[in-house]
Structures are given as structure tokens and as C-alpha cells.
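Just below is one structure, and these are the notes that go with it.
The chains carry the letters A, B, C and D, assigned in the order they are written, with residues numbered from 1 in each.
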Amino acid sequence: MQTVNALNEFVIKLANVNGSGSASANHILVSSICAMQVPATAKNIFPSNIQGLATWYVVRVSERGYLASTNRVHFMVCMNPQSIGRDIAEVCAGGYVLYDSSRPLSPDLMRSDVHYIAIPLIEICNREYDDPRQRQLFKNVMYVGALVSLLKIEYEVACAMIHRQFQGKKKLIEPNIHALQLGYDYAQAHYPSPIGLAVARRNLIGERIVIDGNSALALGALYGGATVATWYPITPSTSVVEAFKRYASQHRVDKDTGRCNYAVLQAEDEIAAIGMVIGAGWNGARAFTATSGPGISLMNEFFGLAYFAEVPAVIFDVQRVGPSTGLPTRTQQSDILLTAYASHGDTKHVLLFPSTPNECFEFAALAFDLADKLQTPIFVMSDLDLGMNEILSEPLQWDDSRHYDRGKVMDADQLEALNEEYGRYLDVDGDGICYRTLPGTHPTKGSFFTRGSAHNRYAAYSESGEHYADNMDRLQVKWRTAHQFMPMAELLIGDGNADIGVIFFGSSRYAALEALDQTAQMNITADLLQIKAFPFGDEIISFIESHQQVFIIEQNRDAQLCTLLLKEYDIPSRKLLSILHYDGTPITADHIIHQFTSQLQNEVSPDLLMRRQAG
Amino acid sequence: MQTVNALNEFVIKLANVNGSGSASANHILVSSICAMQVPATAKNIFPSNIQGLATWYVVRVSERGYLASTNRVHFMVCMNPQSIGRDIAEVCAGGYVLYDSSRPLSPDLMRSDVHYIAIPLIEICNREYDDPRQRQLFKNVMYVGALVSLLKIEYEVACAMIHRQFQGKKKLIEPNIHALQLGYDYAQAHYPSPIGLAVARRNLIGERIVIDGNSALALGALYGGATVATWYPITPSTSVVEAFKRYASQHRVDKDTGRCNYAVLQAEDEIAAIGMVIGAGWNGARAFTATSGPGISLMNEFFGLAYFAEVPAVIFDVQRVGPSTGLPTRTQQSDILLTAYASHGDTKHVLLFPSTPNECFEFAALAFDLADKLQTPIFVMSDLDLGMNEILSEPLQWDDSRHYDRGKVMDADQLEALNEEYGRYLDVDGDGICYRTLPGTHPTKGSFFTRGSAHNRYAAYSESGEHYADNMDRLQVKWRTAHQFMPMAELLIGDGNADIGVIFFGSSRYAALEALDQTAQMNITADLLQIKAFPFGDEIISFIESHQQVFIIEQNRDAQLCTLLLKEYDIPSRKLLSILHYDGTPITADHIIHQFTSQLQNEVSPDLLMRRQAG
Amino acid sequence: MTYHLPAFRHPHSPPNSAGHTYRDYEGVISTLCAGCGHDSISAALVQTCYELSIEPHQVAKLSGIGCSSKTPNYFLGYSHGFNAVHGRMPSVATGANLANPNLLYLGVSGDGDTASIGMGQFVHAIRRNLNITYLVENNGCYGLTKGQPSATADHNSPNKSGEINEHISVDLCGLALQLGCGYVARGFSGDKKQLIPLLKGALTYKGFAFVDILSPCVTFNNHAESSKSYDHIRAHAVMMGELDFVPAYEEIVVESAPRKVQRVQLHDGSSVFLYKTGDDDIDLSDATAALNFLRTHIDSGHITTGLLHCNGAGLELHQTLNTSETAFNQLSEKELCPGNQVLQQINHSLSVIR
Amino acid sequence: MTYHLPAFRHPHSPPNSAGHTYRDYEGVISTLCAGCGHDSISAALVQTCYELSIEPHQVAKLSGIGCSSKTPNYFLGYSHGFNAVHGRMPSVATGANLANPNLLYLGVSGDGDTASIGMGQFVHAIRRNLNITYLVENNGCYGLTKGQPSATADHNSPNKSGEINEHISVDLCGLALQLGCGYVARGFSGDKKQLIPLLKGALTYKGFAFVDILSPCVTFNNHAESSKSYDHIRAHAVMMGELDFVPAYEEIVVESAPRKVQRVQLHDGSSVFLYKTGDDDIDLSDATAALNFLRTHIDSGHITTGLLHCNGAGLELHQTLNTSETAFNQLSEKELCPGNQVLQQINHSLSVIR
């Protein structure tokens, strides 16, 4: 039988039942590997339910530094009798299957091309523990112990990770280490250490941190000066606000008074959440809400108000699989079109597309400046994959010399000094952006009425078609101004001179980098561009123009970003080819390579033809 | 001084104060002209308020049959002191101004190039009537009397129209005729009959009726078998449901029992209204809601549910000016993008674009067949201009041999006869459309769970990426199937062989026809195509392909329909030029001609360049 | 979640008067947490429908989103179900009911689904007296999104992680009473004996029948300080009286025991009997009295359970709309389409020169 | 609408204690129908703010959509105003209030805006005890969309075109009381004398102060059968007592007349005095009693006006959130941004090898 042999470059998938306490054990595993300075990432694949359904934790160990999701599984830990059939089938030939041998494995689960590792977990547990809850919990740590032995992870490192994990609950340290030991010992006694797969200490981590995108968004909001966070719980955005609340309670409470320099409010629904953000923004506080698809749909009416009445607002859209309730715990990039043109009437909105936790942090903070400068809603488009998985990242940085850009807000002195009449919607600078005032600023000057109905330059209600069109045209001028504030697209691979260009945005980053790394080894050269924002900058158009064929990687069915490109710029659509992935799993390098190479061969693939002709 | 001389080809604009009872008088005027078999249309321009603001009624008399809105005013009736300055300024040189000369006109309102017609309306009223309300009301009929004389409208016809108007309230006939006479007599005594403008009897009306688009939609719903109408009041869609209720109460009440074969329910908001439609559609009743922009925005989440769970629903979107509250009593075609891709996730929706009351009737009825056949929401995209103005139209027709197409619904016998397991989302016919069953159909077969979360072919909850993608791909197949059910685009002018093509949709019809009639006289030949639905048929692509340059007429700022074309089909965007109009007034032939000819000259106009480059 | 489907839960259940066995009222296996109150409610519903001999396929089950809203999948597998969007079940149920009044409508919601995002629709469905049995499986938290406090969370009490909820708690029964709801009851998932007659009454009631069912979330809101925990409810429940439900087809024998008995007759002839147990004396048809009772007991930290109010006066939605007896979804084309002749009359009335 | 702006409405009004004249509290000319109740409310607000010597620019006016929601344009021209979307003013007001607690928040809504589309937000703003004066200009119909019945339209009474409203009518005061609102009053646009002290109390109250103001729509709902018509209200109003408002800075002299007097002290030291006029005796701090009073009178066809309930117990939203005294919109970057040093500590806590 073939055996997979790999050092520091393999995938372990752990199949668990949710609510069974596996998360903490699995976390010990991945952090032990990282602590040996070998890059490892974990993807958590969980169901939309609280207890009892299948959940997977996929640990990719990669000293080459690949952080993307992958479908190749070299080692499967089977802890879920419901899914064991599927799980075993997934393992690549020559790979390993660890199962609980307390009961014999059914013969139809036996494959001749994989290695079985039998650990009698329940048996050991039942022997060691009386309490059923303990049996359940320690079973998990026990298989981690076995893995430590099988993969030759440093035992002391694993112990240290247990210490770190249970810092707050010191009582749990001892029993966990005991359980680890039990698994470790059993494996040592019955299996080689290491098996064909092994982890060996390296020096590849450096200062890097592990952080999920949602926590990074929260920190970005904290550093960006957000004071009001309103939300309605929805997976996968919930942890943005939870993290904001946690960090704010640590770093935003007045030491003397104990009072909070922030407010987190759970709204009754998403409509209320965005309404609160708009109210706060109108009144000069930096405010945000975090939500996902269904929330975005519900907020539509308010987005139009904020666009038209020009009120700053920040929305973190952590995308999940739509339409409708869809797959609430799976990932997708499919709210692009909806957010870009959200609400009835002629509207356009600014979107930012972070692709790493670092960019989540940066773009979140940036969003508040942009919202204030452009006086409009800013959408930060993350997704479940980026938002809810911990990702190995560079440390976050804040430049203390940086200042918040509050945009054009007139204070009492400025109003006092004003010679002409103040006009809320008067484009004095020619950039389409007008001066606003905050309620209560001045006893007699600068008050105005904010409304979603049509208004003239002085914010007075007006039904004149001229006033209306004048205002709509100015909003177009503002939109052009917005271009210059957007983070520029970045060439990540290549020098821009290849024939083929590849574009990605958001969480496809890691898979795109890996894919182009691989195709380069196949002697296909292509330039890789990351789009970071909508409206698109000229550099994107130049990139497309200067390449013969451009692939756009998207995690949705309908090539939504491609639509924005086609609509907003004069690009021959046959130049653009789509690499689409939309089954709810994070996109993989394999998928990109497959679609990329097969479309390259056919020049225009049947897939794409279908899309074009049928719409 | 120059004098406008015109027979049966001129425009009278009546400037009134809303809530002053002018509507009925103005209606007598226009119907008198029509009754003389001279085509006349009226556009009602009203404020978003109930009483006291400026409102205008523009009557276009056109024996050439032009029914579009126009900005040329030959005769202004000034009944509103607030707007009189603007009103007088609007009259073309050589035109006429009728004003109430009970008080002298302020000298700065005197133009040397228009003819003033002074009628002491208030004076006569005060002499004739004691009751202030009567003074107010009869003043209006009085100026109509004057117009009858000035334009040489047949007096008996005007009397007949009064008779018709007050059929229900016979007591009012006599006093109205008296008021008419007062105005008539005064004009006869002081001014020539006719002045430079005159109406002369023709034979150009035939069987034609006058009907507004909203009433036609309501009749379409009635004939299309709608039983459930839910709504939340919003201008300009309110009268759709009001008309439906009126007609249904006349033609849908069981003669024997007095019970209603329909239900009209005012919901608490638009979210509830669409929820009710979806509930009714799920349960096998034909149901619709009528709304406008803000309602569409609010309904977004439910649209996604109906798309994904595949529930029939019909939505009449009578568009008004957005974004946000915008101009609630003005017209626009600016919900196109929002409805086409409504809701988060990958969604696409069927849109129908009626351009006349006849099409409102037809497409409304068709929408219910389409909703049942495609098991999805169908949007009928009307607008305020089409919906709320009475338009001279061909009589409505219903083919009694036509049958409702209820689509694929399995009854108990079919379920009984089924050999395989019933699958709600099983594509047995290969057209992407599956069989549904209604609740309560069969004791043991065919029940299923409808949900917005992901499901497999048997409607079971599933988190499998494969099941999800399989379903999303089938929805694409269904979308392709939808193409064949759509009403085809129609070539209205030309033989298709011109170099230049012009495309319009919806209420731009009359202005487009008039414009191309005019440009033809300027020796510019162009083919005119009417798009009737989204998804677009092949004939539209061929039309674009076979023309060198194609103009698309839209009543919005952002060229929304053009976006759909660019996104859904492989069209070089530089081929498409936009003629946009978005100030809230209905588009005019003059506007189209101006944008058309100036862009023709520049080939690519600066306007368009701006749109392309800046997005 | 029970991983293995018990082969047959009630192996010896005899067929009921409609010829159905207990099994015919079950659904697929629950995926909720083991011990979740919601599962007990599903079980109570199965038993209730079985005992009432309801035709399973004549029930339409509607729900929103949440753990509670998932449950319609776990009972009455022969019924159609509709899992709508979060908080909007009432509107979907209203539309469904308009299309066909002849089914039995059962709406299942959660406290998040009803008292937060769904508040507006809940209030308005009551206003219209929609003919539905509306259950809130009330655990004071958002189970499915991992335990955030809902609008029915106790005022001033800590959640699992110790955070105090400072907002006023909404008493859904009080609200329903104030809004004029005709059937208002509160049950407890842990008290099947009381719950089943409440459900029977609700399912038989013609109009909006509301049952607020305390249903502990064992995972997120079953700690000692939670008033929605099993222990707290058991310790603080005040029963309004013992209830008995007698279907229309059974002979009614009013017990002659000295206990005070109130009988409420429902539209189809069935009766609910309330046997007084405590000292409180409240007239079931008097909503103001019920509201008082409720408010007074809340003030003293008690949780009132039982039938609070039942009144047969209001017209349900189809009655107010005077709709046809035939369900709309059964009307023939002849009944629906007025035909071309009528259209020509309409044309005539609109014709310019007539 | 009054076409000509009266040159000076109160030519001789002396400046108030803040130095402002009556004129400083006015807005642009109303575009409502002549005789609309809403205009009287605007006038009462002008007078109230003038008499309370409120700094006009320290008021934030918020509203939804409707004739009523247009009115903030017609008073307090020196204040900022926000005409939000239909029914969602409470959320916008909540956000605004979070950003700066130091302004006076005045929310103006209609019965359509609040009781239909806005029901959810209304309920939840009460739950959170948002510090706002929340007015509903209640005409039982949708004025701006031409007279459709609202959720407060009378049950069983015909609208202007004779159609009967068969749905239950929502009593917003009853609802607010049941939800635990701390200040609940009902006024009538036609009774300025009673309305002004109610408004004064509301504007001075810290927390959610709700005033339901009957405000006839002369165009669509002022016919004889409408309970929201001038005539009907005048004929059926039951006053809870005469009210007097004494600001904090005025000396309080309790009248020694034999009439029974209830004094309610507000947070800033101001007082509301209620002089009993009829036989009913209700304790202003007892919400249950108020609810009873209201319900009993409704049952007998009466409309209760006056101050129904006032209670100073609840914490308003900023108190429950324990927010800083400085308004968020005034916090400096130093207070907001924790700086890079803290970030490096955070990095450390997240670092893989530490």
C-alpha cells in the first residue's frame, strides 16, 4: 500500500459533532504546530445548529506558507459516527484515518488504500472518568495526545498550549494534560512516531499573530474611533460586535469615572440597527453595524436615505451563502451587486474588500474616515471564511501620528465667520462634497433639515425637477471624487507585462496566491491583481486593457464583481473570463487552477458562453 | 406681436392649487375635446401634499395623435398666485395667458410677447354665490366655460360632459352648467371665438377609451385570476389596489351568497404585504401587491425567499423618483437594477415593462401565468406617468378561449399515480421547473417543507455544498427557460435595416414614437425597438448586433437597463449610447431629439464619456 | 439531538377516531440540543393532534427562523410546512390563510422571532384576528445565534455570561391581552399535562389563539438566575387553574365536585373547562381582569400559567372580509375571470365617446 | 395651508428667561390643510418650548413620514431636524441620542407611522427607555396617502367613504402602559390648555415620555362617525384631571383649595400637578391602575385624556449603558484611539509564539 509521506506539508481534518467540546482540543492541536514555528491554518466548518450535527476542523500544515483552504485530506480524525462514511471516503490514497476503536469499525468502512489508526478512546475514557461530560470532553484532548505522538509534535509544546488555553480556569489544566498524556501514551505504545506525516520545528512564524477577520474588523472600528455599535445577531457577523464590545470594555472605559466611551446596542432587527447608525452618524458619532445578507436586504431602504441625505455610516457585511437564509454557516461573496446599488432609485455605494485580517483592521478604520469624508454609507465586504477563521497574520500596526479625518463639518466659529448663507448641499469646493453641521452647534446658524425627500442646495424641501437633478448630478461629482480616496488595486504577482491577468478580491487571496504559484511552476505566467475597493481606480482599467485575457475570481454564481466592471467601465466583456466558486466552501487553489487552465485551453469556455448568452 | 395659430395641435396648461377642486373641471375640459373626436391627453402634475400647493394639469391636443408629455405651453390658465410668475414665464411667445382679473395683475407679470385673457372669476363668483366652497368650486368650471368659448369647443359637448361627470350626483349638474355658462358668456362677450388656437371636430377617436395604467393593471389582475391583493398605501401605486377592489366588488362577488371571491388586505407595511402574497402564492392563490420604490427596498428579503424557495408572486412596481423618499409624486424608471437583482445572494428576477394601459392590462394578467409557470416573483414595472395619468387607449380585449396556466402543480391523483418518490425540487422535465403541491392535497404524499435555507431535491434541509450548487445551477436552467415565456421585443418603427437603432421600454413609448417621427422628418432614419421584458430575448441582441449604434432611452440617471444589457450579454459597451432623463417629469420628444441628435453628431458625447470613465 | 431514531415511539398507540396512529403525527428527528424545551413542545403537539384526531395533512405549519422555528419539521410530517424569514411568519400565515381558510394553521415562533424582529407582524395579526394557533416557544434568548438576550429576557437579571439585561422585559401574554387577542394562554414545556389542554383549546379556537410557552434553552439560558430556566419556572409558576378540554363530539358532563368550574364553549362546540384551584377568581371572558391578574403576579415575581382569557366574540379575518366559502385556491376560472363581455362593458364606461 | 406668512404672529411676546422671543420657536409656514389638527400641535409646541425657555438649537427634532411627520419643519427653525423613513424614526432617534445625550430629543410621528409600519421600533424604544419626548399626532388615518384607515382607526366605524373598519383598534396609550413606559399621556390638538402642560411634563421627563395626541384630519377623517373627529372628541373626552406644570426654577406653591392634588416630581426638580376633577381616583404612579382606568372607559365609549401615568423609576438608555458624560461626538482622538502601544499588547496576546 502506498503511504503519504510529508513533512510540514499536509492536511488533517477532524470530524466532530458540534456541541461536543472539540473546539478547544482542536485549537490546542493547531496552536501547538504553530508554536513549533510551522505555519498552520485551521478552517472551521460548522452547521447551522447548536448541538449534535457534523462539524469539521481542517488543519493545514504548510511550511511553504499556503494558508488557503484545500480539499486534499491526508489525515482524517473520525469522531462523528454520522459522517464517518463520507469522512473516510475523503482521505487521499495512502493517507490516515484515526477512529475510536472502542467499537469495531463496520467492514464497509474499510478501505484498502488508507492506513487506519485505532485508538479505543471511549474505552479509555470510561476507564478513567465517571462523569459523562468529562468522558465526552477528555476524549477530544486524548485524540490530540495521540496526534502529538503520531505527528511527532513536541509534547512540551502541546502541554504549554494547554496551559495557555486554560489560563483563566487553572483547575482544568491538570486533567487536560492527563488526557493528553493518555492519548499520547496509547499512540506511543501502538504506532510509530512519527508516521508518514510529521511536524518538525522550523523558524517560519516570527512575529505573526493569529486572528480572525471579525476581531480585526472590531479592532479597526475601535482604532477608527467608532463609538456606537448597533447590531442584530446574525451568523457570521455576530462576533464582530462581540469582539468590539470586549476590546472596548478593555480600552475605552474612562479610568476615573468607569464610564464607557462607547455604546453597544442590540437592536430589535437590522432595520433598527442601521437606523441607529444613521442617527448617530447624523449627530457626529462614528457608528457601525455588522450584519450579513438577510440584514443587508432589510437595510435597503435606509441605505438609500443615507446616500441621498448624505449621512455617514459604516456597514460590515460578513457575507454568507444566499439567497435567503441559504447556508448561514458557509461562505460566499454574493452581496456585491446588492450593496453596490442598494436601495431603489439611482444609488451607488462605496465598497471595500479586505482580503486578510490586516486589511480588515485597516479598511475598518479607513471606512470611518471615508464615511465622514464622503458623507455616505461605506460597506466593508468581508465573508465568513475570512471573518470566522483564525488566520496567521502580520501583527497589526497603528501609526500614532495618524489623525481621524472628520470630513467637512462646520463648527460654531466657522458658521459665525461665514459670509454667505450656509447651504447644506452647496458644492462650494467643486468636489461634490458639501459642509455639514451637527445638531446643537450654533444658536442661529447652520441648522437644517435632513430628509430623504428631494431638497435644494439649502436643504429645503423642493419638488422642483431642476433642484432634484442638480442634486443628483452633484452626487455623481461626489462619486467621481470618491475614486481618489479608494485604496488602490495592488499587483501581487508579476510585473504587469504578462498576457494573462488574474483579478481577485477579498478572501480569495490565499487561494489565488497559491494557484498562481502553482501555475508558475507549470510555466504559465500571469499577473495577479487585487481589487480593494469600488469605485474602481484607473489602475484596474489599465490592468485590464494591458492584458489580453483577464480572469476574475469570485465566490458567487453570477460573476457579480465582473458585472460592476462591465457596467461602470467601457470594457469589452469578452476579455473577461470568470472563475466562479459558489458551493459555500472557501475557494481552493485547485479549483482556481482547474478553471483557469481549462478556460485558457478553450479560450472561451462553454461555461462562460452559457453565462453570456443566457444571462 | 406674434400669435400662435393652431388647430387641434396645441397645449393648455392649467395651474391650480391642490385641494381646490380643479380636477373635475379640468377633466371636463379634456373630455370635451376628446368627445369632439380630437385626441387629447392630460398629465397631472401634483405635489406630495394634500391641500394648498401648486398642481398643474397639462392638456395636449394633438390631431397628429401625439400622446407624450411636452414642455411647450401655448395656453396657460393661471389659477395659482403662488406659481403665477413661473407659469407665465413658461408660455411660448405668441401664446395665451388666462388669469383672474378680479384683482389687477402685478406689472412685473406682464410679458409683451403673450396674449392676456382677463376673466374676473372671483368677481363673478362672489356675485353669483354666497357659500365660499361654491365660490371656490365653480370658479374652476367657469374658466372651463371661458376656454370652451376661446377654443371654440362645442358648448353642447361640454354640457354633455358635465352630465356624464355628475351622473351619480345629479343635483350638481345644473349649477355646474350654470357656471360653465357664466364663463362662456363672459369670454364670448370679451374675446374672439376662437382665438388663435381652436378645436374642431374630427373623427380620430373611434372606439378608444381613456384609462390610467393603474386601473389597467387592476383589471389585468382581475382577469388574470388574482384573488389576494395585499398592500401598504404608497403613491403612486395606491390606486392599483383601489381600482382592483372597486372592480372586484363589481365583478367578483358571488351573486347568490354575496360573498367575495377576492380579498383585499391593507398590511401594516410592505414587508407584511409581500409576506402575505408569498403565503397566498404558496397556498395556490394568485396574489399580488402593488408598491413603489421604498416598498421594493423593504421587500428585498422576501424577494430572495420567493426566488430561492420558488414561490409564485406578482409585484406591481409603480415607480416614482428615488432615491429614498425622493419625489413621491414624480415619475422615474429607476428601480430596474434593484428589482432585477433584488435580495442578497445570487438572484435574478423576471421584469415586465408595460408601455401603455393596454400592456398594463395584458402584462398584469400574463404576470400571474408567468409566476405560476416559473414559480418565482414577477415584477410588472410601471411608473407614475403611465400609472396615474389617463391615456387614450385601444379598448381592452380578453380572449375567452384563453386559459390560466397554473404551471406545474400536482394534484392528489397525480401524486397517487407517481411511481418514484416525489421531489419538490427535482427537475424531471429538464427545464429547471419542478412540480409543486399545495398544502392539504394528499393525506400521505407530496407534503414538503418550504424554506429559505438550502435544500436538496426533495426539499429536505441540507448543508451539503453539492446539493446547494445543484439547486443554484437548476435555477439557472429555469432562468434560461424563462426566456421563452417572455413577450418579445417589438420593432415599432423601421424595418430593422437602419444603421441607427433606438431602444426604449415602458412609459417612454409615446415620446419615443413622437421623437422618431420628428427625426424621420429631419431625414434621420432609425429603427425603434420596444423591450418588453427581462430576461432579454435573442431578438434584442440581434437588433443591437445589426445596428452600428444603439441608443437606449431611460428615465433614470444611471442607465440601469443598459447595465442589464451589458451584464447579461456580450455587447461591446461603446455601441450603446444612453438617452437619459431623470428630473421627475415625464420624458418628452424634444428631450429625446436633443440628446439623440447631439450624440449622433459627437458620436460619443462628453456626457457618456463621463459615465463610462467615472462609473 | 437523539442520534438514533427510536424504531417506534409508541408501539401500541391505537388509531384515533380519524384512523391515525400516533406515528402519523410525528416528523423527522429533531436536531435541537438534548433537553431543549422546544422538543417537549413538539412532543406535546404530536399528542395534542393525535388526541384531537386532526387530519395531519390538513394542517399548515408555519414558522420564522430560530431553534423554535425549526421545530415544525419535527412533527406532523404529512403536513406542508413553511419556514419563512425571521420574524415574518405572521404575514406568510395571513396570506396562506387567505388562500384557503379550510386548513388548520399552526404558527410556531420564538421569543426573538416574535418579540423583536417580528413584533409588528405579531401585533397586526392579532388586530386582524387571523384564524391561527400562534405559539411562542419562549426561552428568553436567541438560541440559534448563541444566547443573546431577547426582548422577553428578564429585566435586571444576568445572562449566562453574567451580563445584566437592563431593558424592560416584554410580557407577550400581557401584550396580547392588551391588544384584544381572544385566546391567551401560557404554558410550560415541562408541564405537558397543562400544556396539552391549552393547545387543544387553541387549535379549536376560531381566531387568533396565542399560547406563550416557557421553554428553557438548556444551552444558553438555563442557569440559576434565569427566570426561563426549568428550576425557576417550577419554583415560581402560579397556575390559573386546572384545565380540561372536551371536544365537540364528546358528551359534556360538568363535574359536580365542589370546585368552582368555568366552562368556555368554543366555536365548534368543544369546551374548555377551568377548575379553580387557588384563591384568585377571574372571569375568563374578562380581558381586563386577566391583565390585572397577570400584572399583579408579575410584580410579585410570579409566573402565571394557564388559560388567561378566552372570548368568542370577535370575527376572524375571513368573516370580516366576507370571503367565499370555497377556498380561493379552489375557485374555477369561471368564478375568477369576468370574461370579455364584461370587459366590453367596462370599455364602454371608459370610452371617450359613448 | 395659510398662504401668507403672518408678518409677526405674536408681536408683543416678551423674551423668555433664556432671552428668546416666541418667534424664535417658530418654523417655516405649514403646508398642511387649513384646520388640520397637526398645526395646532405645532403651535402648542412653540408655546411650550417658549414657556419652558428651551434653547431652540438644543432640540433635535426627528420624525418619520406623513403629514404629522412633516410638522417638525413648522416649528423650532433653529433646531436640526431629521425626517427619516416611514416608521423608523425611533431607531434614528436612538442613534442620535447615543451620539449626544445632551440635546433634547423630540420625536414626532403619526398613527400610521407609529402603529403600523413603526410598531416594532416604537415598542423597542419604550423597552430601552430612550430619553425622548415621543408624540403621535393621532388622526386614525393615513393623511398623506389620502385617508386609508390606520391601526388606531375605530373598530366598527365607517371611514369617509362609508367602509367599515373591522380590525381591532390599537390604543397606543394602553400599549405604552402595558410595555412599561414611564410617562404616558393623551392630549387633544383642540385643547391647548391641557396639551401644553402635558408637553411640558414630557419634555422635562427623563426617559421615554409618550403623548398620544388626538389630532383630527379635517380632510379625511373628520366626519360624524369618526371617533377622531373634532366633534366626537369634544363630546366623548373624559379628562383625568386638570394639569399644571411647574418648572424647577419656579417656587412651588401647592394650592390649598379643597381639590385633591397629586404632585409628580420630575428628574430635574420640575413638578406636574394633577388636580382631580371627577370621581375617579387613580394613582399616577400606578400603571396597572391607569391601564384599568383606560380600558374601562374605552369599553364605555369614552376617550380618556390627560396624564395617565408618570413614574421616575426606570433608568434611561445612557444610564443602563453607563456611557460617558461627554457626548460621543465630542470625544477627542485621545479618548477614542487606544494607540499603537496598546495594539502591540493586543498583538502580543494574539501572537503565536509568546
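Operating definition for what follows: a contact is a pair of C-beta atoms (placed from the backbone, for glycine too) under 8 Å apart; a residue touches a chain by one contact, two chains touch by 3 or more.
Bear in mind that the values here come from a model prediction, so they are computed numbers and not experimental data.
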- Message: Relative to subunit C, which chain's C-alpha centre is the most remote?
- Response: B
- Chain pair, B-C or B-D, that carries the greater number of C-beta contacts: B-C
- Task: Compute the distance, rounded to whole Å, between the mean C-alpha positions of subunit C and subunit D.
- Result: 34
- Between subunit A and subunit D, the Cα-mean centres are separated in Å by 43
- Message: Based only on mean CA positions, could you tell me how far subunit B sits from subunit D in angstrom?
- Response: 39
- Would you please write down the residue numbers of subunit C that are in contact with two or more other chains? 83, 85, 116-117, 119-120, 123-124, 128, 151
- Task: Pull out every residue in subunit A that's touching 2 or more other chains.
- Result: 48, 53, 268-269, 294, 301, 305, 324-325, 451-453
- If you look only at subunit B, which of its residues touch subunit D in the complex? 19, 48-53, 81-82, 232-235, 238, 266, 268-270, 294, 324-325
- Task: Within their complex, state which residues of subunit C touch subunit B.
- Result: 28, 55-58, 60, 62, 72-73, 77-85, 88, 90-100, 102-103, 120-121, 123-124, 128, 317-318, 321-329, 331, 333, 335-340, 342-344, 346-347, 350-353
- Listed in rising order, subunit B residues that touch subunit C in their complex are 31, 34-35, 37, 205, 207-211, 219, 222-223, 225, 227-228, 230, 247, 251-252, 254, 257-265, 267-269, 271-285, 287, 301-302, 305, 392, 395-400, 403-404, 437-444, 447-453, 460-461
- Where on subunit C does subunit D make contact in their complex? 116-120, 123-124, 126-129, 151, 166-168, 170-171, 174-175, 178-180, 287-288, 291-292, 295-296, 299, 314-315, 320
- Residues of subunit C that touch subunit A when the two form their complex: 1, 3, 31-34, 65, 67, 70, 83, 85-87, 116-117, 119, 142-146, 148-149, 151, 219
